[in-house]
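Same chain, two partners: subunit A is paired with subunit B first, then with subunit C.
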Partner chain A sequence: MGKVMLEVNDLKTKYVTRFKEDVYAVDGVSLKIEEGKSLGVAGESGCGKSTLALSLIGYYFAPLHYMSGEIIIDGQNISGMKPDEVRKKVLGTEVAYIPQAAMNALNPTQKIIRFIEDVIQVHDKSLSKKDIYDMAVERFRILGLPPEVLQKHAVELSGGMKQRTVIAISTILSPKVLIADEPSSALDVTSQKMVIKMMRELMEKGFIKSMIFITHELPLLYNVTDDIMVMYAGQIVEHGTAKEMVFDPVHPYSKGLMGSIIVPEEGTRDVQLEAIPGTPPNLKHPPDGCRFAPRCKYAKPECKVYDVPEKEFEGHRMYRCIYDVDYLKEAYGRNG
Partner chain B sequence: MAEMARELGKSVLKGENITKVFGYGKTRTEAVKKVNFDFHEGEVISIVGESGSGKTTIARMILGLITITEGTLLFNGQPRDISSGKKRKEYWKNIQAVFQDPFSSFNMFNKIDDLLLDCINMTGGKHKSDKEKFDMMTEACSFVNLKYAELTNKYPFELSGGQMQRLMIARIFLLKPKILIADEPTSMVDACSRATILDMLMKLRDEIGMTIIFITHDIGLAYYVSDSVYIMEHGAFVEAGPAEDVIIHPKADYTKRLISDVPKIYGEWDLSTVG
Partner chain C sequence: MRHIRRAFSVSTFDEVIVLKGYLKYYGKRIMWYVLTLVVAVFLNFLLPRLMPGDPVQQLAAQATAGSTDPTVYLKTVEQYTKEFGLDKSLPEQFFIYVGNIFQGNLGTSLSKYPRTVTDILGGSIGWTLALQIPGIIVGWFLGNLLGAIAAYIRKSIDTVVLPIFMFISNMPAFGLAFIMIFIFSNKLGIAPSGGGYAYDLVPNFSMEFVGSVLKYYQMPFWTMVLISIGGQAIGMRSMSIYELNADYVKYSRFLGIKDHKIVMYVFRNAMLPQITGLAMSFGTMIGGNLVAEMVYSYPGIGTTMFQAINTRDYPLLSGCTLLITIMVLIANLVVEILYGVVDPRVKAAQMETE
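Showing the complex of A and B:
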């Protein structure tokens, strides 16, 4: 087993709305990522993927609140830290974070090199601008980005170039974990491919040591990450290798998600798409028992009463459903 | 969806050398360059291309929202005539559109009831009784899995994006146009909602036999829903034909590249093709 870069144990966080209502957006998440590995997070809109990302980097600014659980990055437990301390000691060096729609958040009047100076100087005031510039040129060159970009403003860059630049800036300090939230979803297919290629290079060159990749696009995850975890209503409902999750999902929700995959590959248009009826629950009042039960075609009355614990199977896989694996697979076999 | 190649009905929209030029002099942009197309009754078409290739410009010309710089557009075999307000209104009874951002196409200050009532009135239902209108609106909402009772007295901004997108489809259900243009209807929703929306649109196509023109950069979607696919690059069609031919056996280099850049799950996704 490789060295564990990120370990999360039973993490619970919530939003507190203006009306003092609690929204349990991350509710008991556990995961582990080893050095050199990547983990994908999938799930419908509103399932808590972005909230999980914010929670993992310790970004506990109102309305987001930490409740309980541990976040351990390369042996260092950051769960008790104050957000300001996290910003100084963790962000950039331990973990880098690419928020959803990050590229549109770059201040358009600032040169790219200034962003890099900002990131570095939070951690190391001793480096001169010249040192930083040399470091940035070297990193951009290795990643196949033209160093001229450093002297440009964000508005002068195309969407794909902007996004690759954002990723290069965020990882300049070679963090242990990169957390990327829909980093390529707004891009056309060719730019998306370039972004993915660059992320793979970051990993191969050791500029990042592990990665969490969030997207609802399953064919993309399948090609990018070693493992995939499916999130529903703030909880992990299944976790396995990318291949197992796409071709042999066990949880009825994962099974449903895989039924919505469309790819331009021969024969796939003859298979009827299966949309999951209904929408994810409001996390202010999550349903009792299994949260997916109200939308699950296999649900029985008990499902709506008892909480389902995470169950391990096949050594490394995990799912959260009242039924046995064999029963579910047989049911899917029957339904085709 | 496309178990068999469906027989094509008669031509409903035919474009001959359609061209659109914006601006002049230094700012002159030829957004659409001499494109030809032939869309048939009940046919599902996708126009696929990257950002800025001219897809929306074609849609806006077909809808009559902007003028056609050059070329002829035939509607039901006759040159389309929207030269007077009356003719324009008549044309719009036949053709409707749904857009990427459903919020942009609704009047924020109209309640949802009024929005649906308008559809009934626009299609000659003005004289109907309140009860009949109520039944029609209820039916339209249930077609898209919305509950009419939960929407009454609400304004568009009180709905989620997914609910709004479905409300757009409920509108189409009431309007029953001959042609529907769907411009990136699923680009802002997750894969699950995409499946739901496509499912509803295809059901509607089967029910009222309308022609649907999808405008998209989602090549998987184009392959899944379409009878015919048109690939657009820099204002021109580089390849067109049955979905199976264009997507699985592309001929143009541009189409080949586009398709090779989409993540696959059965075949290999080759990262070495990009710099």
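Showing the complex of A and C:
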């Protein structure tokens, strides 16, 4: 077992809306990532994936608020720190973030190199512009990005190039944990491949020590990450290795999610596409009991009453359902 | 040094192409400006001549007042008509007019005969430029600052200060000028009510004269500034709110960049569309600020134009309007070039027009 890079214990965060209502978007998430490993987070839109990403950074500003729980990065607990301390000591060097919409993540009127200078100078004022330039050129070259990009403005770059530039900038200080929030979702397939290749390289070359990859594209996760975690309504419903999660999911929601993948095969056009009925619950008033119960086809009356604890099975896997693993596996067998 | 050269060498080829595109783009733009100028000159020539009333008769009547001989009056009219070239046909007059413009000759003033228009305008343009350009720029800058602060801090600035300036902004400039005179000259007595300098002084570069000019300068200057703050601030406020919620602001925050630095990014980006507002201020200058000049009897173009209209002095009037047109066109061209230089997005768009 490798060194634990990121450990999260029962993290709870909420959004406070304009009308002072609380929305519990991350509700008791625990996870652990070892050095050199990556974790994928999957789920529908609105299930709290992106909020989890923002919460893990540890730098909160309205409307997102920290409630309780711990975030421990490489042995250092960052959840109790003051925002300014987090900004100086954690952001960029310990945790780095790649935003969902990297298209607009760069200041349109600033040259890329100027922005890199600003980022680096937050942590190290002693470096001269020349040092920073050399450092950036070196890093861009290793990651296969043309160094000319540094002298350009964001508007002059293509979508894929912009995304890869953002990744390079986020990781320029070699963070211990990289949180990538749908870094490839808005790209065409070739750019997507390049982005994925780049993420792998970052890991192989040791520029990042661990990674959380958030996406709604499950087939992608299977190719990129070691573990996969499925989120529903702010909670983790199942956690396992990528292979297990894709080929042998247990929880009815994960099963439904995997079943919703459209595979280009002979005859798929004629087959009725299956989706999970309903939509995720409103997190202002989360339902009692199992949050998935209103949409679950195996739900019993007691599902809607009792809170369901996380259950471990097969030693390392985890799921959150009232039924036993064996029963769930059997149920799928019966219903096809 | 090495890295500078490297930084340059990677894009030398690009730079050349960019420069070419630039020249082509601005060449085209300047052509349009010239065309606008030609149309303006034509209207300038035509409109005063379509105005009712015959200034020559009025002038002759003034010159021959007291004379009882009607032939003297008729002769004077004839002499003036010839001197001003009004006996020729309109197209002929136009070509003479254009030819004269190229020689810097805008004709002779009717009301201040025999002073030439160029001479009169030369005496007032300096006053107007010295008032309008700083007034508009300071007003624009303060307006943007207020808008940005209102967007960033909100609270009382957003709900009290900004509406007050909005209210002031929506007054006509001459109305505000009257209010200013009423408050600061009549009631408080701390500022002179009009003129460019004290009456008992002769223009020169002595300390006394400059001091007097500065004292008389305050009222018209602050009128211009107050008028433009509100309009600029409201635009800047919404631009800043939009920019503060932009993705790059969030991303910069998550990379640990300090808030005050991010505010600088936002301020700069929100300010860019406001450059259009600056160009528009120069455009609307005539309607507002030049009229305010008259209220203060400030010795600038506005007052001169007002006198020209009153006395049907159309060479002087068309001289004024021509000068204003040229000033506005130059201001717009400068703003447009400036915009392309400071905003890479606009620069890219300008290149793409090819």
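In this section, the second predicted complex is superposed on the first by the 327 of 336 C-alpha atoms of A that agree within 3 Å, B and C clash if a C-alpha of one lies under 4 Å from a C-alpha of the other, contacts with A are read in each partner's own complex, and residues count from 1 in each chain.
Operating definition for what follows: a contact is a pair of C-beta atoms (placed from the backbone, for glycine too) under 8 Å apart; a residue touches a chain by one contact, two chains touch by 3 or more.
Here the structure is a predicted model, which is why all the values come from computation and not from measurement.
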item: Partner chain in contact with A:Ile169 - subunit B first, subunit C second, else both or neither; value: second
item: Partner chain(s) touched by A:Leu328 [first = subunit B, second = subunit C, both, neither]; value: neither
item: Contacts of A:Phe61 with subunit B and subunit C, given as first, second, both or neither; value: second
item: Partner chain in contact with A:Lys130 - subunit B first, subunit C second, else both or neither; value: second
item: Contacts of A:Glu265 with subunit B and subunit C, given as first, second, both or neither; value: first
item: Which superposed partner A:Leu106 touches (first subunit B, second subunit C, both, neither); value: second
item: First, second, both or neither for A:Met318, with subunit B first and subunit C second; value: neither
item: Contacts of A:Asp118 with subunit B and subunit C, given as first, second, both or neither; value: second
item: Which of subunit B and subunit C A:Glu148 touches, first, second, both or neither; value: second
item: Shared subunit A surface residues [contacts with subunit B and with subunit C]; value: none
item: Residues of subunit B touching subunit A in the complex; value: 1-3, 50-51, 145, 160, 162, 189-196, 198-199, 217-224, 243-244, 247-248, 257-259, 261-267, 269, 271, 273-275
item: Touching residues (chain side subunit A, partner subunit B) in the complex; value: 44-45, 144, 159, 188-190, 192-194, 196-197, 200, 216-220, 222-223, 246, 256-257, 259-266, 268-270, 272-279
item: Subunit A residues within the subunit C interface of the complex; value: 57, 59, 61, 87-88, 90-92, 96-97, 99, 101, 103-110, 115, 118-119, 122-123, 130, 133-134, 147-148, 150-151, 153, 155-156, 166, 169-170
item: Subunit C residues within the subunit A interface of the complex; value: 3, 7, 10-11, 246-248, 250-258, 261, 265, 268-269, 272, 342-345, 348
